[in-house]
Amino acid sequence: MDTGDTAWILTSAALVLFMTPGLALFYGGMVRSKNVLAMLMKNYVAIGVVTITWVTVGFSLAFSGDVGGVIGDLNLWGLRDIGLENTLFEHTVPDSAFAMFQFMFAIITPALIAGAVAERIKFSAWAIFIAVWSILVYAPLAHWVWGGGFIGADLQAIDFAGGLVVHINAGIAALALVIALGPRIGFRREVIRPHSLPLTVLGAGMLWFGWFGFNAGSALGASGAAANAFLTTQIAAAVAATCWVIAEAVTHGKPTTLGFASGAVAGLVAITPASGFVGPLSAVVIGAAAGFLCFWALRLKFRFNFDDSLDVVAVHLVGGIIGAVLLGLFAEERIGGVNGLFFGAPEQLLRQIASVVITMVFSFVVSYVIALILKATIGLRVSEQEERSGLDLSLHEEQGWVLAD
Amino acid sequence: MDTGDTAWILTSAALVLFMTPGLALFYGGMVRSKNVLAMLMKNYVAIGVVTITWVTVGFSLAFSGDVGGVIGDLNLWGLRDIGLENTLFEHTVPDSAFAMFQFMFAIITPALIAGAVAERIKFSAWAIFIAVWSILVYAPLAHWVWGGGFIGADLQAIDFAGGLVVHINAGIAALALVIALGPRIGFRREVIRPHSLPLTVLGAGMLWFGWFGFNAGSALGASGAAANAFLTTQIAAAVAATCWVIAEAVTHGKPTTLGFASGAVAGLVAITPASGFVGPLSAVVIGAAAGFLCFWALRLKFRFNFDDSLDVVAVHLVGGIIGAVLLGLFAEERIGGVNGLFFGAPEQLLRQIASVVITMVFSFVVSYVIALILKATIGLRVSEQEERSGLDLSLHEEQGWVLAD
Amino acid sequence: MDTGDTAWILTSAALVLFMTPGLALFYGGMVRSKNVLAMLMKNYVAIGVVTITWVTVGFSLAFSGDVGGVIGDLNLWGLRDIGLENTLFEHTVPDSAFAMFQFMFAIITPALIAGAVAERIKFSAWAIFIAVWSILVYAPLAHWVWGGGFIGADLQAIDFAGGLVVHINAGIAALALVIALGPRIGFRREVIRPHSLPLTVLGAGMLWFGWFGFNAGSALGASGAAANAFLTTQIAAAVAATCWVIAEAVTHGKPTTLGFASGAVAGLVAITPASGFVGPLSAVVIGAAAGFLCFWALRLKFRFNFDDSLDVVAVHLVGGIIGAVLLGLFAEERIGGVNGLFFGAPEQLLRQIASVVITMVFSFVVSYVIALILKATIGLRVSEQEERSGLDLSLHEEQGWVLAD
Amino acid sequence: MKLIVAYINPFKLDEIRDALKETGVTGLSAGNVQGFGRQAGHTETYRGAEYEVDFVPKVRIEVLVDDTLAPNVISTIEQTARTGSIGDGKIAVLPVEDVIRIRTGERGRDAL
Amino acid sequence: MKLIVAYINPFKLDEIRDALKETGVTGLSAGNVQGFGRQAGHTETYRGAEYEVDFVPKVRIEVLVDDTLAPNVISTIEQTARTGSIGDGKIAVLPVEDVIRIRTGERGRDAL
Amino acid sequence: MKLIVAYINPFKLDEIRDALKETGVTGLSAGNVQGFGRQAGHTETYRGAEYEVDFVPKVRIEVLVDDTLAPNVISTIEQTARTGSIGDGKIAVLPVEDVIRIRTGERGRDAL
């Protein structure tokens, strides 16, 4: 074990935990004030629920052993035998530090989905959805890509910090839920505006900060690889944010604050799978692609009448695909041990595309089935009256803002 | 000295400092809008005042030498001789890093009390109270438990990161102040609602994040012990938050956002003394106990007509006792070097109980005496007119929110 | 390379990045609600724009080679050859970690200026200003002081973490822009109040937290020097905040929350250049000087009718000068390798004063010229009508707060 | 001239404004109020303390109109604001002695 | 019918609502206003700049009542809102020509 | 007695209060409203979705005055609030039957 590596992984795990409050604010500022707490709650509860599902069996299914390339075993249920040493995993950090770092990823991934179902999903349905989803969708995917399963081991697709496992996965699951739920009352007819962009912008700042733990922590040590991931993360986020506001200025005449924040997140998403495999100038290209293409993807929801309320699909699915695919072009062996098309290895591009398709199909189908079962049993949506009154009062008997007292 | 350990302690000290702003928001969101700045100020000023009292003599009294098991000496007044090396303390980090880490604990402890006296205490009385308290109450207790004093050295009670020194201590002092101050105008008659739960929820997120420094930093190195403390902290907080909202749903019919945030803090409090001594499954039990019992303890203040405005007693005193006592059951030698009742050492439970009682009696008595002296001299409370207008205007000539300009 | 040092530098770089959102909130809370997003945006866009200018040539000009003591070369344009090893720079961390840490300083420095030009500057003018300024002003100064240029190498003035390069530089550039822009409509006649001090206070907390990365990270390793810088930073900030509110209580009768936050920032600014060179008691003196003098400096803007809207000059220029000069008195060889006047080296004081004067003259002149060129071409200010409506709507077509929906 | 004051459900505001525009109304002013009436309020719960909040958020609109237009305005508001549930609100008609347009100083009917 | 408008101290609102309920009033609407009058404002200080803020936060309530109930409503508000200190506020009585309940279309007295 | 209601631009409020003070007015109440009229609203854009917001923030002031003071109050508001651009707002004059000062129970003119 190495104290420097351990210090960095503990720090990174804390940073990734901090992303969930950041995401909560990012989303919470974008809904109407009558729904702000319900939005925050849908993010925070992921910390509670997923910690519990992952302590019990999730972590074990993802990272303990391997059954036929598709799933782990249950030897580590209840985190039995996770200890102060690094005897189970081959890393230079204590096993419990490695487990903790992985936990944080399992937590934020379902939280990402919350933006798509804002302002109308029941709290009970949501809590059950993420509990089940973290075991049936997230754990297998984490196993396939990082836990010794077939995507990583056989297909040899690469994913440094979660383009497949986190962003494409959450983005396509968001689409499944949006389809199952239907649009909010007033979608495309009423003015539905963010109630507090200062909170959203703060949330974006917290996400950016935490993302250094997400990406550079994925090197699992305080190494040159971590530093490179840190650098490419910063570059892609900054370039994407800038490109997004340029696209806005050209299209609408004005750059917006929400646009800058959104572009930054799009860039962070896109660089996630690539951050440990590409260099600074490739990060510029990936960031630019994310900024322009995710901005362009925003309009799709109106065309298809999908009320993806806070644009989880446009940002996380589209951004994740951009990163996972461009990685097949820009990966460089001297950085992360793997070459992409531009460095002489066209097969890596194909592997990346195949892994994207597999992730999308698997996650969409299982997510949609879980949603339909919930819809048929306890129901997914609040009543029209509850939706009008706002979810804060109707689900939680609370008010977000009481400034007159 | 070890650079990895030093990196982790510096990071942890920064994280613990960040908890005070987090706490300020957590509390600030819960008061009425006319008192938000006064609440923030009561937390922030602890950073100012306690840094000064601790630079002068506080740190030295707690950690330099030992006089009869009850107090340190004054050899390190003004932090003389605290240097770049680790010559004074036996840790693998520079003495100034160790001192800084301890400072941050001394700062946040009195800040915790602020929630109990919200919306009515004078600023001057508060500033003087915490200055005196940090020297007369906190410094001795820190010495007794961690600085070579009788609780740690003779009684052999254990407290990994401050169940006794921080939470029970602050919780019982809060009770003393509540009794000395009396309830707010309108307590139990008027509607007194939180003015901004989004700030409270953000504050809870910042606390959760910072608490990894608090607990895992208390290992004083980037070790397996730190990783274990990190893991148990996360588990207890998540379980407690979940149990609290379950208790709410059963009792009131609805889970609340404030409940989730409160439960998380209760879990973090309870695991604090235990985090380095117990394993993941014990953390589940401690978290569940904290979630249910602290929720239950909320109602006591109404029964006794104690206006513990933001429930410092129910969360910190009750949560701290839960952790300090359960630790006597669940401690395992293979984790932190000490066994509890369930692992064959019943005497440890008695030590824990004794240490809790000593802490409560000492802190209550001295805190109450300081409060009474202040009450008799400069007065503790603002006037009725000032309380009605709100403390922001009457104490600070400022307004928290001016959204119409 | 050392993993502990790398862990600390990566952490520090993340902390410094986090300061920009912190600064955005600190400033954003102080403007009127109609301008909050425009203020946040002016800070955030610095992350986008400066990352791009620094990837292209800025970093190279500052830190690659040296041409006559005045500027670096272009060998590292596009961060070519910045890699996973530490082959280019002599530090114990990967070159890309060092580069990243320097990037974060280059980002926050122009962001500091934004407070001076609040509520009236055009977004386009601002974005271009900081792009140009980061190359023509910041990069040369960083080279002179830290990159092998004449201030560090020949004059032998010292600046641990950016008193000259960051604070004096930003503060005097703010003055130049204020003069070029003119005052806001209603300056000194209308009531222009902060719209959300809770956000400002939160921002101050984030700054304080991040500043540990800024100052202690500047040791470029997890060393005793880092721990000392951490300790002096905490002390100076706490003392300055306390002194500022004492000054307020004496002058106006009431201490204010904004005063505490402002004093803390003033203390953090002042200790920045000194943090690695002085001990704890010197930090007390530097903090006290910053608290009192920066408070006193606030009134100057009214005397000269300079609408330095959020007091960048009083806090950053005055605070920076205090630190850079007092460092010439209090530096101790046993701490940072250099003695000041009080430790027998009067020449160091002269070097410090000379470096302050050079920085002020250079930055003022170039900043003012850039501002005048922009004024003559695309214009610096929004129209009167746009200023009245608020910059959020007129520049960004967004609203910060919509609490009624 | 009349001042028509109506207390309505907030989500009806845009619709009413559009309907009024078609009747020839050239302006109106709207503000937030807390309404108390037959419509039940709601419960709020904070850390186990339950509060009954009797007030319901409503929007109060004011329309200055010429006498001849008044009946039309009233019936337009009535029809557009009606959902049929308790809490749809009230309309009150107040007499107005004079109206002045600040920009021009016009008075009476011309000021509208 | 009358419209009773009262400017009161915010902390009196709940008490007044309860007192009015007992007099037989079935509804009211309340909004926030900034009041200016004999009552002194306050000083605010931001980084050394002192501002005199003359406005005091008040609540404005409106009660539509039948003529016969009006005197009772006025005296109830008067008694409940009174603390005896400057700033207790005013009550104004305005004539109302008609009232309509949106839900049912009832008019006049029945609409209340 | 009259109730003078004026819808004005928010940034004119302080000036109007000061001007009214000089005419002998002893009090007024002001609240925020969303105004709709000839003045154009604005566009807001959030992630590519453009919304036309027709309402413009205005301040609504109310002044209870004695009949004799009314013309003076109206002309003072008119002159002070005027900028000459669309959106300067309106003034309406409503009859008032009685005014009561809560603190003392004074009625009519004395209550002002």
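Letters A, B, C, D, E and F mark the chains in the order given here, with residues in each chain numbered from 1 onward.
One rule holds in what follows: a contact is a pair of C-beta atoms (placed from the backbone, for glycine too) under 8 Å apart; a residue touches a chain by one contact, two chains touch by 3 or more.
None of these values were measured; they are calculated from a predicted model.
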| item | value |
| --- | --- |
| Chain pair showing more contacts of the two, A-F and B-E | A-F |
| Shared interface numbering between subunit F and subunit D [over half = same, under half = different] | different |
| Pair in C-F, A-F or B-E that repeats B-D, with over half of contact pairs matching by residue number | A-F |
| Subunit A and subunit C, separation of their C-alpha mean positions in angstrom | 33 |
| Mean-CA-position distance for subunit F and subunit E (Å) | 17 |
| Whole-Å gap between the CA centroids of subunit A and subunit D | 45 |
| Multi-partner residues of subunit D (each touching 2 or more other chains) | 31-32, 44-46, 50, 94-95 |
| Residues of subunit A touching at least two other chains | 2-5, 7-8, 11, 191, 193-194, 196, 202, 222, 252, 254, 256, 258, 397-399, 401, 403-404 |
| Subunit E partner contacts - residues on subunit D that touch it in the complex | 2, 5-8, 31-38, 54-55, 58, 60, 74, 77-78, 81-95 |
| Subunit F-facing residues of subunit C, complex | 190-191, 388-389, 393, 397-399 |
| Complex interface listing, subunit D residues touching subunit A | 11, 14, 42-46, 50 |
| Residue ranges of subunit B touching subunit A (in the complex, touch as defined) | 2-5, 7-8, 11, 15, 32-34, 191-198, 201-202, 204-206, 208-209, 212-213, 216, 221-228, 230-231, 234-235, 237-239, 241-242, 245, 252, 254-258, 260-261, 264, 279-281, 284, 334-335, 401, 403 |
| Parts of subunit B lying in touch with subunit D, wherever the complex brings them together | 191, 193-194, 248, 251-252, 254, 256, 258-259, 262, 295, 298-299, 302, 311 |
